[in-house]
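In the two complexes that follow, subunit A is the common piece, with subunit B as its partner first and subunit C second.
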Partner chain A sequence: MTENTGSKLDSFQKKKNKEEMQQQLISFALMIVFTILAFVVVITGMDKMIAIPILITLAVVQVGFQFYYFMHMKHEGHEMAAVMIYGGVWAALLTLAGLTVITWW
Partner chain B sequence: MSHDHSLNPETMPHDPEKATLEGKNKFIGFWFFLGGETVLFASLFGTYLALHNSTAGGPSGQDLFGLELVFVMTVLLLTSSLTSVYAIYHMKNNDFKKMALWFVITIILGFGFVGCEIYEFTHYITEYGFSFRSSAFGSAFYALLGFHGGHVTFGLFWAIVLLIRNAKRGLNLYNAPKFYIWSLYWHFIDVVWVFIFTVVYLMGKVG
Partner chain C sequence: MSIAATQKRGFGAVLWDYLTTVDHKKIAHLYLFGGGLFFLIGGIEAMLIRIQLIKPDNDFLSAGLYNEMITMHGTTMIFLAAMPLIFAIMNAVLPLQIGARDVAFPFLNSLGFWLFMFGGILLNCSWFLGGAPDAGWTGYAPLSTTSPGHGVDFYVMGLQIAGAGTLIGGINFLVTVVNMRAPGMTYMRMPLFTWASFIASVLILFAFPALTVGLFLLMFDRMFGTAFFDVSLGGNTIIWEHLFWIFGHPEVYILILPLFGVFSDVFSTFAKKRLFGYTAMVFATMLIAFLGFMVWAHHMFTVGLGPVANSIFSIATMAIAVPTGIKIFNWLATLWGGNITINSTMLWSLAFIPSFTIGGMTGVMVATVAADYQYHDSYFVVAHFHYVIVGGTIFGIFAALHYWWPKMFGRILNEKLGKLTFWTFFIGFHLTFFIQHFLGLMGMPRRYWVFHSGDHLDTGNLISTIGAFLMAFAVIVFVINAIVSARGEKAPADPWDGRTLEWATASPPAHYNFKQTPLVRGLDPLWVEKAEGKAEMTPAEPLGDIHMPNNSFLPFLFSLGLFVAGFGFIYQTDNKAWLAVLIGGMAFSLAMMVIRSMKDDLGHHITKEELEREAD
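Take a look at the complex of A and B:
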């Protein structure tokens, strides 16, 4: 069954899937580059006031690629998914703010 | 029953994972779960940030962490994230065999990651005597890393069970959401790891 189904699939849809795959490959390459950049920042021994914001920015960008390309959040019909995950991110930021404020202040 | 029909070119919907009500519900429910997981990991990260300097005279992150192993682990998990994207690509093209093959590759990479993590923990315990009970830093470190490693291990067994259970069924509208949801879980695990290698290892080395 699996042998002959692939060829008869809607060719427009197949092409769309292929285009998406290419975008995902580009995001993967960029994520590898960002990872290497982050390690380079640490190895060069940059000042921590500069290094930490750079590291966090690189992490946030990578997570954006994961959410929007790998987890398909850029597709239609992800409004509820976005509400759920950003709701979680919001509560997560409050948690982090609370825990850091009580220890550093 | 209509939801159990195998997919064929005439009935293949564009998004098989969301073609049934059950699939749609799983999709929304799983994103809700991931929102909750975000908060769970945030509280572990917050605890780690609060306690990572409380080493009680024991080894600190700067003494312990080796960036080479962390880099290998990052690449393993990031690559496994890509291979699960390949699996879903083949699912959308209705090719069960190729999907299963990429799932197996993902699982192998995942086991590579868990192996590195077990090696890392054994190294810390045997060489440095750094355990869960060493210091507040130790407790926070192993709690955060252990929760993540536990998620990876759980995900691996989940994927194996999915593959065995559906080996003879092929793809249908009943199991397509199950595979898709697993891939979301796996990407989320990589999201958490991105923050672990940034906050724990890299920022730990920076100071």
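Take a look at the complex of A and C:
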């Protein structure tokens, strides 16, 4: 690789890193907000039928942030990791669904 | 390194080499010896069970000892014989098949083996320390929570330690297949054995945590006064059954899928044909694994889950017959019109097809809920699962050992002895277990230590025991064959005119496997080269230094620490002084982890000059 393309790549990489950092900070701030929201929902004593779905939604979004921003799953080359994680989520959900159906149906 | 390896070494040096090795080929030997030893122990237990049942009202074993015998037979054969023997084959072959120099984590590979070995030894120590576990290999609560003595404690601790080793092994193979494939070895060019091992490793990754959780709950119930399974304190015994079978059903696919892969490779090699329906085979394997997670409750039809739950699990179970059928037909189509060689390996593989199909057919029978109320806990079920596990897994292990013995040890197993083993085992197996279908239908229950002379079960049980003796004879012949082979015919690199990458290496391979990483140009890479008239693989890289991991004694010591801590856990219920042993063992293991983390161990290089000096 010649030197001048090297420096070009360098500035490109710098810009990328900067964007990456921004995204990380935004998602980090959002996660703190979500956590506070979750506490607020519980403290205000909302009806359980509303509170529980809200809490679960917040949790799912947070897990998504965790996977895609902090564990870099949005980057290329993480397809196998994604397959494995979703496979594990699938196996766990299936187990929970099975046990729930058996217990309450 | 390699020059020293060719010199004669003393026993101590060899022993030290094996205690510290991180080489996947030597760990394969360790798994083979460890698993083989427990296979013989489990076999002796099976013989004692069959001798007890040779005639009505026999008093060869006492009722209590009989319970211990059936429990240990099942536990040993599943966890300490079949699993490690499968790991032996995976370790020996999988890195070679994908053109890798070792597994992704050689240190963890060694740790996985020693955890399994010490877990197995801990479990078997129970025989000499007041009685083995006696709650059945399934360890159902409340039988397991209330069983007196320390037997079940040994079951919990032994399986927990061995299970950690299995989990480590599974993760290791996953990462190996994802990251270590040679250039050109795309996923859809991997040999079926590698594919099946990969998928079985996924099952290990997802299924074993359920067992770990179950065993932890049982451990706390027995040792630390919790009440997860104690109904009188608000617990629920059914939770154990669910956790056990959420693990237990994928486990039976872990036991069979790698051997499906073995048969696929064997059939295509000895029929001199490309595997029929390669893509269908891969996706059928995935489908079996996928469905394997939604069928666990078919072990619990008579628990009283209700008709809806039972129907769902029944249908899901029957659905597994579809991908399995795809595989059976693909094997038959591979053989169809092939240029077939029949030797010991092929005999085991050919015999597998009808034997396993019988097991699959009785599987659909027991999956039928209404009928299962009749079959449940009878000898029909015993016959069913022995047909799939012996007729599938054990036949597969024998086929694999005959097939890859040259690659593992550099010698060819004797054909005459191999055929003697096969025919006596095959006949003995069907003699033992076929009649048990009918014993079950006649009403003989599982796990009873006697039957009475008026029950009309005498002849069937006698035939069954005679068959068991034939199988024992066959196993002894195999052991003799293995020992004699050390002085037998030296194996060439490619004794079977093979198709896959492992046959491109020497028998046994150099410890770095491939001097130059091979370039894979298609499915059955060696065959692709042969078809173009080349004798060996095209290298994918110039000759250069090879980076190899260093040996380490830490995995042995780490596992030893947990082994000692296991005794501490078991006996601290009697005397709190044992807590010192518990804490001491755990601290020792932790210290080994700290040493591993703090000490840089960057491995060694085999230089280019050294590689060039070696004539190949």
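General observations
Basically, the second predicted complex is superposed on the first by the 95 of 105 C-alpha atoms of A that agree within 3 Å, B and C clash if a C-alpha of one lies under 4 Å from a C-alpha of the other, contacts with A are read in each partner's own complex, and residues count from 1 in each chain.
We adopt the following convention: a residue touches a chain if its C-beta (ideal position, glycine included) is under 8 Å from a C-beta of that chain, and two chains touch if they have at least 3 such contacts.
The structure presented is a predicted model; accordingly, all values stated were derived computationally and were not measured.
Subunit A has more of its residues touched by B than by the other of subunit B and subunit C. Of the two partner chains placed by the overlay, only subunit B lies in contact with A:Ala59; subunit C stays clear of it. Touch criterion met: A:Thr95 reaches subunit B and subunit C at once. With both structures placed on the common chain, the touch criterion links A:Phe28 to subunit B but leaves subunit C unconnected.
Under the contact criterion defined above, the residues of subunit A that touch both subunit B in one complex and subunit C in the other are 80, 84, 87-88, 91, 95, 98-99, 102. Every residue of subunit A that touches subunit B in the complex is listed here, in rising order: 1-2, 5-6, 8-10, 13-14, 17, 20-21, 24-25, 28, 31-32, 35, 38-39, 41-43, 46, 48, 51-52, 55-56, 58-59, 62-63, 66-67, 70-71, 77, 80-81, 84-89, 91-93, 95-96, 98-100, 102-103.
Those residues of subunit A lying in contact with subunit C across their complex are 80, 84, 87-88, 90-91, 94-95, 98-99, 101-102, 105. By the touch criterion given at the top, residues 174, 178, 202, 205-206, 210, 242, 246, 293-294, 296-297, 305-306, 308-309, 312 of subunit C touch subunit A in their complex. Those residues of subunit B that touch subunit A in the shared complex are 6-9, 12, 14-15, 18, 27-28, 31-32, 34-39, 41-43, 45-47, 49-50, 67, 71, 74-75, 78, 81-82, 85-86, 89, 92-97, 170, 184, 187-188, 190-191, 194-195, 197-199, 202-203, 205-207.
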